[in-house]
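Pasting a structure below so you can have a look.
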Amino acid sequence: MNKRFNLPLCLPIEKITSEGLGTITLSFTIPSVLQTQPLPGQYFMIWNPGDDEIPISISNFDSNNSISFTICSEGETSNNLTKKNKSKLIGLRGPFGNGFDIVEKETAVLVAGGMGIAPLRYLIYYLLRRKNIKIILIYGAKVEKELFFKTELDNLSIEKHFCTDDGSIGYKGFPTEILDNLLKTTLEKKSTEIYACGPELMLKAILGVVKRYSLERFTQFSLADRYIRCGFGICGSCTLDDQGLTICHDGPVFRGDLLLNVKDFGLFGRKSDGSKFKL
Amino acid sequence: MIDLQIKVGDVKLRNPLILASGLLGSSYSSLNRAYENGFGAVTTKSIGVESRDGYPNPSIIYLEEIKSILNAVGVANPGYKVFTQELKEMNKDVQYVVSLFGSNPDEFVQMIEHIDEHIIVHSPSAYELNLSCPHAKKVGMAVGTDPEIINSIISCVKKSTRIPIWVKLTPNITNIISVAEAAISAGADALVAINTLKALMIDIYVKKPILSNIRGGLSGRSIKPIGIRTIFDLFEKYGLEIPLIGVGGVSKWQDVIEYFLAGANAVQIGSALNDYSSPKELTSKIIFVLENYLSDENVKIGELRGIAHE
Amino acid sequence: MIDLQIKVGDVKLRNPLILASGLLGSSYSSLNRAYENGFGAVTTKSIGVESRDGYPNPSIIYLEEIKSILNAVGVANPGYKVFTQELKEMNKDVQYVVSLFGSNPDEFVQMIEHIDEHIIVHSPSAYELNLSCPHAKKVGMAVGTDPEIINSIISCVKKSTRIPIWVKLTPNITNIISVAEAAISAGADALVAINTLKALMIDIYVKKPILSNIRGGLSGRSIKPIGIRTIFDLFEKYGLEIPLIGVGGVSKWQDVIEYFLAGANAVQIGSALNDYSSPKELTSKIIFVLENYLSDENVKIGELRGIAHE
Amino acid sequence: MNKRFNLPLCLPIEKITSEGLGTITLSFTIPSVLQTQPLPGQYFMIWNPGDDEIPISISNFDSNNSISFTICSEGETSNNLTKKNKSKLIGLRGPFGNGFDIVEKETAVLVAGGMGIAPLRYLIYYLLRRKNIKIILIYGAKVEKELFFKTELDNLSIEKHFCTDDGSIGYKGFPTEILDNLLKTTLEKKSTEIYACGPELMLKAILGVVKRYSLERFTQFSLADRYIRCGFGICGSCTLDDQGLTICHDGPVFRGDLLLNVKDFGLFGRKSDGSKFKL
């Protein structure tokens, strides 16, 4: 049962793992009486009491009810969160959003850009439990140091393609190029589902690629560049033009065919005052 | 098919369900969608003179146990000038109400004149003056409990526009008639009641208030009996003299009827969005059974107004 | 075992759960039973000068959906002289509070002097002045929203008895500090907040208000965020200056903690009686987990008071 | 499922049966979506909109969700109810109270005085559905005309003993005397459960009788002489001294051993202002 905690569930930080570059993973154990089974792609509102509360994807969840969030220091709140000590109480409100639609196809191609690896990491573990799905991860970052979970991923028996803008490791270039190449060569398109997460501009580029192969309906994009307030789709802070769908509730995962009609996809975000900003 | 058309003063709506201010009301897209999804009219988020980021999160919390919401968004908005751009994008068939907040008559007049000037073809159906937000400083309730300020705001605003002025009242008051009286005598075209009730919630492990703003406003089903009582009070006093829009805890078709029987001409719906998977599901479920009830009872919806007073 | 003893001013109670006025409080038997069943103190139904039959039924309705109660009992009571006979039958170990309503200082003084005179051995722990009942005419809220009347009632009463005077406030007011101020400056020994919120409910088939009195008071879980906010407001203003008793929607152990964190020294429990099969089940379930929490957190309950303000 | 309607369920009067002497039976059909299965001995608060609401026992309930209440004109509200027309809306709030504890013993002795027949009528039909229970009804009233349901009862194959104060029909005397006689002669005490309903003074007399046979634990009394306001045990209007049990919620059915300790049983009732009155 995917129970939602509507009020912040305040739990002590059980484990803090440094991922490098101002990025940490916080783990908590959800009391087993409060059974929940969140999906990859769903997120929680993470409350740092006395400070602020921000949306963070689930970067792992295991059968022991241990839940992890990987937070990158982007601004004040995320930065404060990366500096919390063990045992401090953090409020978890969620899970929110639709999560990825887990499709039983032969191949799952996961495309991550930067922090976009967080929800895809949980997706990998989730898919690994289904033995019959082949997983291909394409993961890019600016530099090697920003390739979080590199060692952990190296230990997994999945197909991996790393890339960096500067070529410090892996392919020199963008994940889109690798994806394009795979689609052009080895990938059996009919049996492939694509899952992408990263900056909206990268997602926009991916949409361009998959469209060329008419795969937009089979590509799921997880968006993150809108201000989230309520998380359950009522305040309207995070709507996409023109359809008025909310990222927090109707998303954050959308299929490419829908995004083709989203006027501001890859162009504008919305700030907390509701005004638009250029992405 | 049953006719659900109603009138709020001179404003004709295809059905009595209006999207309440502050819910899905910060962009033209969500307002258009809500209208397409079946609302009779949609209200924008309250807009002010300057842009406001609103309060940090948590700012909106769902209280499952009492099917209610506690919020202190802090009237986040981009300011009236920027928001006028959103209004320009409204679909032409959409009936919308622009909600405004301010701290004095000048601010309201300034905003209304600007919008009237820039939105000529497809004007708002009404302006709703939010004199009732419980958690913003110097605006909302801060002005909405003082009959004199209310009177001067509405008098000034009425002189500056021909668009109907709806006035949204606060329930956080000893006697709502005092402010209703001020609004009516200054020329308000309809009263909207109620806004949220001042409330607060504390986490017992963190031992702090959950909302970043500490206090917030309570909405949703728990406040319905208070909203109904308020509309009843107003209708008892004013009868057909002024249109009344009932807000607070409407989530089912029965609630719509109840507000009408108490004296409302229409209702607004906010928190109940969370009870349904989409605005469409909300409006269609409510309207479907509403129609059955009206045909069983063999009345038009408007005829139910104030019947509980007989 | 965890010590749950608390003090409300000079009044020491074995635990912080007080039976609220108007619930199981009209006979010595039910008061004795509630105390035996584990309450730290019990409050009588509000008593007045003359006997009152109360309003016809329906006068108490449970609103399942929001776990709340709507009531307009109309302060039914046998009058203070007859009720003094009930008080004589109270078990000697029971700590009880006598709730009184009246329309002027003389009435309160008259009742208190009579009770003080006739109940000498086993006096009430306090008198609670109900200046807040929302549905009785000329008493309760009618006097409880006017700081001057409050001041004169309490000043007079304080001169006539040595028993502590608790003052129960209404939430149906623009600014509760105005009346709290009047109560404190007149010498109140504790403030009790909140009483019920003015509310109304209509049956959509009969098309009439359900309560015979039309309007009633809303209590139970739906009003907890308002009660918490009120205690928070009062503690923010007065700190340790005056004891505060939190009432409104307490039904679980967490609610007790929440009221303490907001600033209460004790809580009263009313509507939640309906959530449990017996008063005994209510108190034992709440106290059991309360003790666990306090031992986990390693604090005494009294130490939690007002912590949410830090 | 014994669902309770906490808000008055407003239904049209479907059938009105005159029982004679200002007494009528009102029947309603509870919509089957609102499944409820009230027990004999439970009551509803019957709301005459615009007037008052009074407690009335269920005098029948059948598998078609038809529920009946038999109301005797005692004062204003009950009198107004007896004069309602068909199709008028009446509010039903309930079922409230504990109802009779249906005991699987060989013999059930039902003792009714006057209007006390109402809940026992439903009990009879309820017991008749359990083939293996022998039912003996002792039913007394002042005069023949007050023996409600006489014809209906005559048609049932149960053992009946009628009595009237004036002997106009049946035994001349009180139900207590018949009960005493049966207990003295034919009744196998160990396999008998007694159910009694009527004026509290009669119930007190019955308690005296059964106590002589040490049957107070096996005799259930349904009380009705306290003012009922909430119906669910919270307002305290209907408490019994000294234990502080409520009639509305802990009762209205109590066993005799408990009533032996109720100080005001058969002596005092309580009015709506909370004051006592002599029964």
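Going by the order they are written in, the chains are A, B, C and D; count residues from 1 in each one.
Note that a contact is a pair of C-beta atoms (placed from the backbone, for glycine too) under 8 Å apart; a residue touches a chain by one contact, two chains touch by 3 or more.
Model, not experiment: these values are computed from the prediction.
K.L.:
Centre to centre, by mean C-alpha position, how many angstrom separate subunit B and subunit D?
P.N.:
51
K.L.:
Please tell me the distance, in whole Å, between the geometric centres of subunit A and subunit D computed from their C-alpha atoms.
P.N.:
66
K.L.:
Just how far, in Å, is the C-alpha centre of subunit B from the one of subunit A?
P.N.:
36
K.L.:
Got the subunit B residues that touch at least 2 other chains?
P.N.:
63, 201, 208
K.L.:
Answer with line, ring, star, complete or other to describe the graph linking chains that touch.
P.N.:
line
K.L.:
Which of the chains touch, listed as pairs?
P.N.:
Final set of chain pairs in contact is A-B, B-C, C-D.
K.L.:
What residues on subunit C touch subunit D, complex-wise?
P.N.:
Within the complex, subunit C touches subunit D at residues 22-34, 45, 51-54, 56-64, 69, 71, 73, 76-79, 82-83, 201, 203, 205-206, 208, 210, 212, 270-271, 273-274.
K.L.:
In the complex of these two chains, what residues of subunit D are touching subunit C?
P.N.:
Going through subunit D, the ones touching subunit C are 6-8, 10, 45, 47, 49-54, 77, 89, 91, 93, 229-237, 239-246, 270-275.
K.L.:
Under the stated contact criterion, what part of subunit B meets subunit C in this complex?
P.N.:
63, 65-68, 70, 145, 172-174, 197-202, 204, 207-209, 214-215, 218, 221-226, 228-229, 232, 254, 257-258, 261-262, 293, 304, 307-308, 310
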